[in-house]
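Here the structure comes first, spelled out in structure tokens, and everything after it is commentary.
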Amino acid sequence: MKKMLAAATLALTLSASGLAFAAPLKIGMITTLSGGGAGLGIDTRDGFMLAIKNAGNKDITVVTEDDAQKPELAVQIADKMIQSDKVDILTGIVWSNLLMAVAPSATAQGKFYVSTNAAPAQLAGAACNKLYFNAAYQNDNLHEAMGQYANKGYKKMFILAPNYPAGKDSLTGFKRYYKGDLAAEVYTQVGQTDYAAEIAQMRASGADGIFVFLPGGMGIAFMKQFAQSGVKIPVMGPGFSFSQDVLPAIGDAALGAKASGQWAPDFDNAASKKFVADFQKEYNRLPSIYALQAYDAAQLITAAASKASVKDAAAFGAELKKADIKSPRGNFKFNTNQHPIQDIYLTEVVKNNGVLTNKTVEKIFSDHGDAYAKDCKL
Amino acid sequence: MLLTRENLVNLILALGLLAVPLAANALGQPFYITLATRVAILALAATGLNLALGVGGLVSFGHAAFFGIGGYAAGILAAHNFSGDPLFFGFSGTNQMWIIWIVAVAMAGLVGLVIGAISLRTSGVYFIMITLAFAQMVYYFAVSWPAYGGEDGLSILVRNQFPGVMTMVPLNYFLICYVILLLGIALFAVIRASRFGAALQAARQNEVRVATVGIQPYRIRLTAFVISAALTGLAGALFADLNRFVSPSMLSWHMSGELIVLIILGGTGRLFGPLAGAALYVAFEYALGGLTERWQFFLGLILLLVVLFARGGLLGVLAGKARHG
Amino acid sequence: MTIALALEQLLNGIQLGVMLFLMAAGLTLIFGVMGLINLAHGSLYMVGAFACATVAAWTGSFWIGLVASLIAAAAAGAIVELVVIRRLYDRDHLDQVLATFALILMFSEGTRWLFGSFPLYLDIPPLLQGAVALPGGTEYPLYRLAIIAAGALVAFGLYMLISRTRLGMRIRAGESDREMIGALGVDIRTLYTVVFALGAALAGFAGAMVGAIQSVQVGMGEPVLILAFVVIVIGGIGSIKGALLGALLVGVTDTMGRFLLPKLMLLFVPPAQAGMIGGAIASMLIYIVMAVILAVKPRGLFPPAHA
């Protein structure tokens, strides 16, 4: 309740930007604010609230609650937000397994869900829904981009991911575009902290490149251990393996790592520069890819809210789908399955004034959608 | 039944759990019905554990395994019913709750029999840890086995059905769970008061004496463990239908820990201890989660204070020392 | 698969085992002397890692951080013992499980309160950077060899402490008869605080050593806590020797399982599935081993004679 009031007063104190407001809109943000994964949730919340603040629409309120990365708790909070707080839109969940617990039931109850990160294949394909939008990507996208990139100059790849659905999607996405040989395809335990056995296999495999998808602490552990191993094979991965939330903890061991992303902090466009400057001013750190995705999700919602009432689901959904925003990532539009069509870039970890960050190298995909849109009957 | 102080407290608890959702329904606040349903289901799961832990002194740190197996029984049967893919011998699942409950009870009981048969060879801390190990085995299996969603879990798109009842209506589903909880508590009471229950308690207090009068503690304990597992499994099936979702986190060691927490919070071995504990725990979780991002810290602090200073849990405070001890 | 790779994996297994031993030694010591199950042992491991990372960031020296981790974890342990744990010695295991479970919640959230939500940076000291060539031609990280050496030193140090010193004598006396040493005039309350702080310091040391090659983050102690429990249960609770052998068994089994099972599965199913199924079984392997051992020897491989 306190947080809701705070959000409301925040909205009140800001100058209204003069748009024609359609109707009051209440957003429920469920994200991870405690435990090991809290960094991602905090970036999600901060990026989202930055865009809400910038929009200055005093009819929009946001309630936030911590899911502690537990699916059951996320379901309970979603029930509360829908039944008790009467929110119109849910958003903010970081993890695919929590999203699968919440999103289908939220849309079944007639509420919008705008995802800021998680994008499991089912919801992009056969189980797509006109009330479900994803502002980030489809889970496979960044892995597909690395598969495409690896075709240039890598003949034998060693690929590795945790043994859970997002990990399997990852390697599937990579293999969808990679045409060379595979030295090995290895699945590690979820939450594994020691990678000595896998690194030894990499050394012995004769691979000329390594693709790893190890989000959060797993990636930190792997990169530090790999740097010490004396193995000299180049490492690459999807953007979140080297995002701003983990880079400071990996340290120089990440230097030179290639990754794919739909955005990096050095993007040379006005929207991106404004986003990075605003975020640094507000929170005194560089934004991660999660902050960007949440920022865009909030932009999408506020843009639609200025044109249509959320009570008219068809009209509001149509406005959302227009994606009439200036995204820091540049090109952004929605596919038929309401997942992004966007450009995906190759980035490299560099040190800039003593701070580790991602530098854009080249474009891998232009206007890239996903493989599941054809299964979606919308 | 004598109107002792404990019975009075029990009655108030039982009626209170019924009153909250009825009032919430009248006031148009359906969320509190969901919350009360959660309390009822967790109380049933903990009642199952209470049989092994409170009466038999078998500190199982692995009951999440049975809770999760019950949940997966519901999830898998419903998923096959929805997709029409046969599960085995042309049987393609079901959406009938009572069949699901039977399967959940049978599966949890069966797995309980295997785990119990091996674990009960040990005792004390070894028993705590071997039950934890078995639960971890089931957990990792569920996380890495791709067929039913792995770590992503399994959604039940439409809540399963019960003849003559609209289960999607929150109050109706609450009433189903409430009745089952009362039946579970009644079963617990009957078992505890029976000759079997007396032998189980005696085995906890003095194993040697029980053995000398010709009762085998192992078989008594194994029977209690299997019934305990089955009850917790039934609660798991109800929980899956409440959330319309089941995932490996139902199997995690945190879940096992929470079930133990519920029992101690309410009062170990007490008939209504699990209900009191579940009500208190859910209330804390809900109230603190709304107040502060740091709610887990304060939850920990409250639990710690209960263990240190409120021995006997909530019922110990409200109704005095337990008759059974 | 070459002999060199198999040997390297064996070394990896031993190294993982040594890391587990550092955790398990404190856990089993505390149980052996006080009969206490301490679920919060993983939190003390986390305290050590955070202390080391923070002090190393201030001073620029891993070694000062390592000393700080010992002090911080021992201090945290002593405080927890004085405020909470000593009220639990005469309780049953159930109360101990719950109280230390509550401590985990408080430690995790408290650490996040103090240090924020993002993982901290902690790097290996320059002295131990890089890899060295092993006989047979493969390279092996120097730091992992240093962990093995540190574990061996700790094992030896504990052995000396317990068998050769006055404190060790009291610990042994405490293990065999708690009432007796009180009657003999040993200040048992101080002894318990010292033993708990010692166990905590070992956990903190492990956290700092391991933190340098893993992620220093909230919740890092939980996976290793469960493994440490597996280790001491296999070894026989209360036995340092059992903890060492149990740790090596778990480390080697886990590493070899992860390495060999997917290859074994290749004989039966296509590669993508072999990785998945092999990985699934590998993640359950140590629990299977533990269940089998306990089914055959219900009190572990080396049960202490007296308990």
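The chains carry the letters A, B and C, assigned in the order they are written, with residues numbered from 1 in each.
The rule we apply is simple: a residue touches a chain if its C-beta (ideal position, glycine included) is under 8 Å from a C-beta of that chain, and two chains touch if they have at least 3 such contacts.
All values reported here derive from a predicted model rather than from experimental measurement.
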Between the pairs B-C and A-B, the one where more C-beta pairs touch: B-C
Furthest chain, CA centroid comparison against chain C: A
Where chain A and chain B are represented by their mean Cα positions, the distance between them in whole Å: 36
Separation of chain B from chain C, taking each centre as the mean of its C-alpha atoms, in whole Å: 32
Sequence positions of chain B contacting 2 or more other chains: 140, 143-144, 146, 294, 296
Numbers and ranges of chain A residues touching at least 2 other chains: 33-35, 163, 168, 187, 189
Chain C, residues touching no fewer than two other chains: 108-109, 276, 279-280, 283
Chain A residues within the chain B interface of the complex: 1-2, 33-35, 65-66, 68, 70-73, 75-77, 79-80, 83-84, 96-97, 100-101, 104-105, 108, 120, 163-166, 168, 187, 189-190
Chain C contact footprint on chain A (complex, rising order): 33-36, 38-39, 41-42, 163, 168, 171, 182, 184-189, 191, 193-194, 196-198, 200-201, 203-204, 216-218, 220-221, 224-225, 228-231, 245-246, 248-253
Residue numbers on chain C that touch chain A, as the complex places them: 1-2, 4-5, 8-9, 12-13, 15-16, 19, 108-109, 112, 117-121, 123-124, 129-131, 138-144, 210, 212-220, 223-224, 255, 258-259, 262, 271-272, 275-276, 278-280, 282-283
Chain B-facing residues of chain C, complex: 31, 37, 84, 87-88, 93-95, 97-99, 101-106, 108-110, 113, 226, 229-230, 233, 237, 276, 279-280, 283-284, 287-288, 290-291, 294-295, 298-300
Complex contacts: residues of chain B adjacent to chain C: 53, 59, 61, 118-119, 121-126, 128-130, 132-134, 136-137, 140-141, 143-146, 253, 257, 260-261, 264, 268, 294, 296-297, 299-304, 307-308, 311
